[in-house]
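This structure is in structure tokens; I'll ask about it shortly.
Chain nomenclature is as follows: A, B, C and D, assigned in order of appearance, with residue numbering initiated at 1 for each chain independently.
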Amino acid sequence: MIIRPYGDTTGDGMVQLSFTLPIPHDKRAEGAALQLAGKMGMDPAMLVHAKQMGDGYTFFVVYGKVNHLVDTDKVHVVERDFPLLSAKEVNAAIKRRLRRRLNVVGACIGTDAHTVGIDAILNLKGIAGEKGLEYYSELSVTNMGAQVSVPDLVETAREKKADAVLVSQVVTQRDAHLQNTRAMSAAFREALPAGRRPLLIVGGPRFDELMAGELGVDRIFSRGTTPREVASYLVHALAGSPA
Amino acid sequence: MAGKLDLDATVVARARALAARAGQPVVDLARSHTTVSVERAVLRLAGVTGADPDGIPWVNRLVDAVRADVGLGHGVAVPVFHAMETTGVEDVTVLAQKAAAGSVRFTVPAAPGRARQRARRATAAGLKRIDRRRAERDRLIKRHGDPKQRPWIYLIVATGDIYEDIPQAQAAARAGADVIAVIRSTGQSLLDYVPEGATREGFAGTYATQENFRLMRAALDETSKEVGRYVRLTNYASGLCMPEIATLAGLERLDMMLNDSMYGILFRDINPIRTFVDQRFSRQIHARAGIVINTGEDNYLTTADAVEAAHTVTVSQLMNEYFAHEAGLADWQLGLGHAFEINPDLPDSFRLELAHALLARELFPDAPLKWMPPTKHMTGDVFRGNLLDGFFNLAGALTGQGILLVGMMTEAVVTPWLSDRDIALQNVRYVLNGAGNLHEDFTPGPFIRGRANQVLSEAIDLLERIVDDGMLNAIADGTFGIMKRPADRGKGLDGVEKQDEDYYNPVVEDL
Amino acid sequence: MIIRPYGDTTGDGMVQLSFTLPIPHDKRAEGAALQLAGKMGMDPAMLVHAKQMGDGYTFFVVYGKVNHLVDTDKVHVVERDFPLLSAKEVNAAIKRRLRRRLNVVGACIGTDAHTVGIDAILNLKGIAGEKGLEYYSELSVTNMGAQVSVPDLVETAREKKADAVLVSQVVTQRDAHLQNTRAMSAAFREALPAGRRPLLIVGGPRFDELMAGELGVDRIFSRGTTPREVASYLVHALAGSPA
Amino acid sequence: MAGKLDLDATVVARARALAARAGQPVVDLARSHTTVSVERAVLRLAGVTGADPDGIPWVNRLVDAVRADVGLGHGVAVPVFHAMETTGVEDVTVLAQKAAAGSVRFTVPAAPGRARQRARRATAAGLKRIDRRRAERDRLIKRHGDPKQRPWIYLIVATGDIYEDIPQAQAAARAGADVIAVIRSTGQSLLDYVPEGATREGFAGTYATQENFRLMRAALDETSKEVGRYVRLTNYASGLCMPEIATLAGLERLDMMLNDSMYGILFRDINPIRTFVDQRFSRQIHARAGIVINTGEDNYLTTADAVEAAHTVTVSQLMNEYFAHEAGLADWQLGLGHAFEINPDLPDSFRLELAHALLARELFPDAPLKWMPPTKHMTGDVFRGNLLDGFFNLAGALTGQGILLVGMMTEAVVTPWLSDRDIALQNVRYVLNGAGNLHEDFTPGPFIRGRANQVLSEAIDLLERIVDDGMLNAIADGTFGIMKRPADRGKGLDGVEKQDEDYYNPVVEDL
């Protein structure tokens, strides 16, 4: 399906844009702002607000019509390619296929201290009304908390015979999350042979789920993930999909 | 709510008495004149419908024909129903068509008794339809319920196309709007006829037509059922066709109408006499139809300064109250307008807003005041815009306003987008939900009380001057909104006539 | 000079974008939103907010880096190509060159009733601390107000022997301002021979100043115009630039 | 401001008494232990500067060397200054270099009198430099003036690069910021040394180094002159190096420091004992330097629910007050933390915020409370974000907060952009200018008063439990921020030693 942005009427293509340019405010700066909007495909573009900040910066708000078409058939997304199971089903599938508890080790690595996200996935309390992985009787969860170094994580994963390692990354300035994830997956590749390497999962609000391959992990979860999705994925990836 | 300002009851009473004295001559004018639109409204109630192939309604053709033959001074009812009898035509619309074709002549019979009787029977049928719609509204409100909170949340729809308006209005209602206003195309106020049919081509608003009213009301009836809350519909009985649009609103069960001569005079350059005559009749109809009117004092603050001119808003509200009561409207029908338009850079601007808003609240404790958002000081900085709207919402909650016209962050940019309304409603919900009861903790100190009393006393001074000089002169002088509008200028004056001794209006008899 | 948008550090290229797509909210919709951002040149683009509105619409907020460069040397703007004069200089120039008062007729045409803008330019009171054209002793100003029909405007311009006609247009929905301006300039072309046609100026907050030629007018003034700019332009265009 | 809540003075007194009883064992612990960082701070005051080629400061090398030879139980001052005498080295930094090279051995002399004297003379010189910076601040404040309004406007800068931070900080100050905080790179709290030099590579913050302090303070001194208002500078004396960073802050005339063991314990997993010992010394230094501390109770509400856990904030504030007073800080130096973190969807959320904020205000009438903006409930909806921040600003003004940490609409997205700060400051200016005096009209009703008193009584209950169980157990149980932190775990415990009988700290003698 081909669609366009919708401001006030079907097909009007209207969007709102704001940004700063590192130049003082004058007519030329406004023209520069419109040039950028034009390059982004806005035509006509209305410059509706311009405000100088300090000596050399100007903030702009632009409204206008973009000419790009959005083709919903060509959207790249990581669709859930596994069934969403209930806790009961998860436990049953693990019991049936693995005949042992599935070991999960979770951590927030590097100097990132944001544990709320990984805790939401792992801890009993969970999030959005769903219990976390600790609630699943067939999952054995080790939550290492925050600021875990990669060597410690690899060590613990080995020790706990982890089937899956769950890593959270929330700080993204200067791509910290990408760097840490790459370091982590490299360390696992180095430390363990392919067959014995645990499933590597990372999550955090600013990840692009399409980057799993690039980062050397098996799966990425982003904004608004719920524990059930993660549990279902674990079953799918480690215990085969139940028919 | 009442009593936070310590207003002096005798001062308030004096303000009301002055407003009545200042308004009386205008009422006298309205009672002694009629207009083409008043007469067309009468004929609409008597059953004339539809339009000629050029889109000119048959009521216009009929009134023009009557006027050409005998003028309007007798009212059109008697000549028309006399012609029905003499020509033997049974259907008034058919008569209108014949009159338009030039095949009927109109006269005023010496003994108008029978024509009056027939006319009155016909218009009574029209009024009865209005009564039925009012009863229907009462039933639906009982069934679906009123909004749970005050203020009611009022949202504007303005695509220009009734078929885009409808889904947007329904979406807004689902998202929490209690009242939907379909604003009008920029051109309509100056049309001396009401367009016909469903319309898709308006500029910055959609034409007010009977069919558009019907379509939107039906859509919102559906949504009311869905959301379990009666969603009200608003339009504009303003401009050159106030009486007719009021009538159509009554016939299609609209629930509120923007209705204020002052807006037409000041901002659409409509002749003051024309529109005061029209207004009186339209308000009588609104009174009958159980419709809440919204007045336009808020607009003054877009051209005049909101602090300097605060008292002109108060004066106008007092006069509008007088005019409305005189036309039969009850207090619960008086959506008197005012607005959050003080320059936000002014120190204590928010507290000044509170003073003004609370003054209106306490002067008119039983009226469902219409509280308008910032517009003039909105800019293309939409982030700031949403913030100002939040404080506007708060001021509304703190001062117990009745109808909250939801502000849009894009006010300075475009007529509202779908997403603007969503963001705006989210804003309202946050403020009402999180701080809606803050009025319990709000006890105006000397600054706010002082300011409110100052505005009231300036209002009294101005009313005294108006009593002396006359309301029409005050309007001519630019007292309101700094717009100067002399009584002998402006659009539509040629549609006014003095009533003759034998003027007869069957509708007014029944109101 | 080549510049980029500035979010937090020089050259980071960061911008903010919001829009609605006419589809319900799901992963695919988020992908569609990112596709649009991508087409606008945002890479990487972070989808930071998505909210369904009603049944079939979703609002998105996207942050990200745009790759476009802004070349301030290639900016198209209507630069002031005339000197900014004081009221005194304006009056002196008219007196000296024209030897009569310069006649200006102003109006807000069509069904547009927004007079604040044209009044700000014409009325004594002015705007932003500058007096309006009525203050200039050598300008004779006729302000016709709002909702003026094009025939009435042409008639009045002829009657007053207008040297310049100033038209305001504020309502822009469905391009009302462009349509009305075109109708106005066509009417003047039709009614008067080239030599006797007054200077045509339009103004309003949403005009693109580059469109004068297209709309058949001599000059366009947009957001934030001040009376002095207009007066100086009148002198420049009608009385030659004072050396 | 005081007295709007009708707090019962005897209840308040009881809360304070309980906090003192609960805090006493922690103080005893702090007084009877020392840490590597306390000792390093002593040496910094005694004149050790610089770092080895790997970037490890000479103070670290020296303390490690002393510790290896004689432990920390005697304090490092005596062994170090004894070694100065025995080796004849005149410069402590040179001694550190020699010690690092293994060419000096440390012992504790039987008669430490002379070493103590020399040490004290050296550290006194360091303290004198701090005293001079304090006097300098007083002079500059006199010259340039304090902010005109309360609350002071506090803005964060966080590029990670001191050379990008500086122009952004200056721009922020010009745009109205009264206080600039340079936040730290995510890694720093866990470093058991203070990095050296100007730094350009931080993640989500810039390293706290003496040189970065100096550069930023100099830049802001320039801007203070320009804007005619003394612009304060803030950094973090938190994490593993509290005492040293406090010292560097004193030496470089920083004006405020985030300084709270509880933050390190709960959110950086630092060992409780280590950090309580460090905290006491760092606060003694802050007291001397005339620095305002900022505590971190606001953070609890990012992991715990702001309504359920409101009383834990109060308890922590009372304990922090006790710890601070005990360390010599005056009330005006207590920027106790709290935050606007109630779920905005909760009915009456704003009034609950007012209750909590006012409770803090009235419990600590002379402390310049640090009021933190919404963070947890901020989302990528930046329009809504700016609105929430506006109500946060309003709550700050209504309840007389001292230091307003300005919220950013992009809180959930990125560390603040230049334009975010500008929009945020515009928001603050609007609210303070337009509604800053609204507190005159704010008289809390039963809902707000009731809520405040309820929180206070829950705080007393909790304090009673802590008196019984011990503060360290409470922390271990997850009482604060639902983070469980046992006293025998966490980072940095190996840097703690019990003081021996002959422990000597020349700095503490002078504080």
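Convention: contacts are C-beta pairs under 8 Å (C-beta built on N, C-alpha and C of every residue); 3 or more make two chains touch, one makes a residue touch a chain.
Just so it is clear, the model here is predicted, and its values are computed rather than measured.
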Identity of the chain that, by mean CA position, is farthest from subunit D: B
Separation of mean Cα positions, subunit B and subunit A [Å, integer]: 52
Centre-of-Cα separation between subunit D and subunit B, whole angstrom: 60
Euclidean distance of C-alpha centroids - subunit A vs subunit D, Å: 33
Residues of subunit B engaged with two or more neighbouring chains: 381-383, 412, 414-415, 417-419, 423
Residues of subunit C whose C-beta touches two or more other chains: 6-7, 10, 14, 16, 18-20, 46-47, 51, 57
Contact graph of the chains (line, ring, star, complete, other): complete
For the subunit D and subunit C complex, residues of the former touching the latter: 159, 161, 164, 379-383, 410, 412-419
In the complex with subunit C, residue positions of subunit A that touch it: 1, 3-7, 10, 14-23, 27-32, 34-36, 39-41, 44, 46-47, 57, 66, 68, 70-72, 74-80, 206, 208, 223
Sites on subunit B touched by subunit C in the complex: 158, 160, 167, 170-171, 174-175, 185-187, 190, 203-204, 267-269, 302-303, 412, 414-415, 417-419, 422-423
Contact footprint of subunit B on subunit D as seen in their complex: 344-351, 354, 381-384, 386-388, 390-391, 394, 409, 423, 426-427, 430-431, 433-435, 437-438, 440-448
Touch list for subunit C against partner subunit B, complex: 18-20, 51, 53-55, 57, 59, 110-113, 115-116, 145-147, 171-174, 176, 205
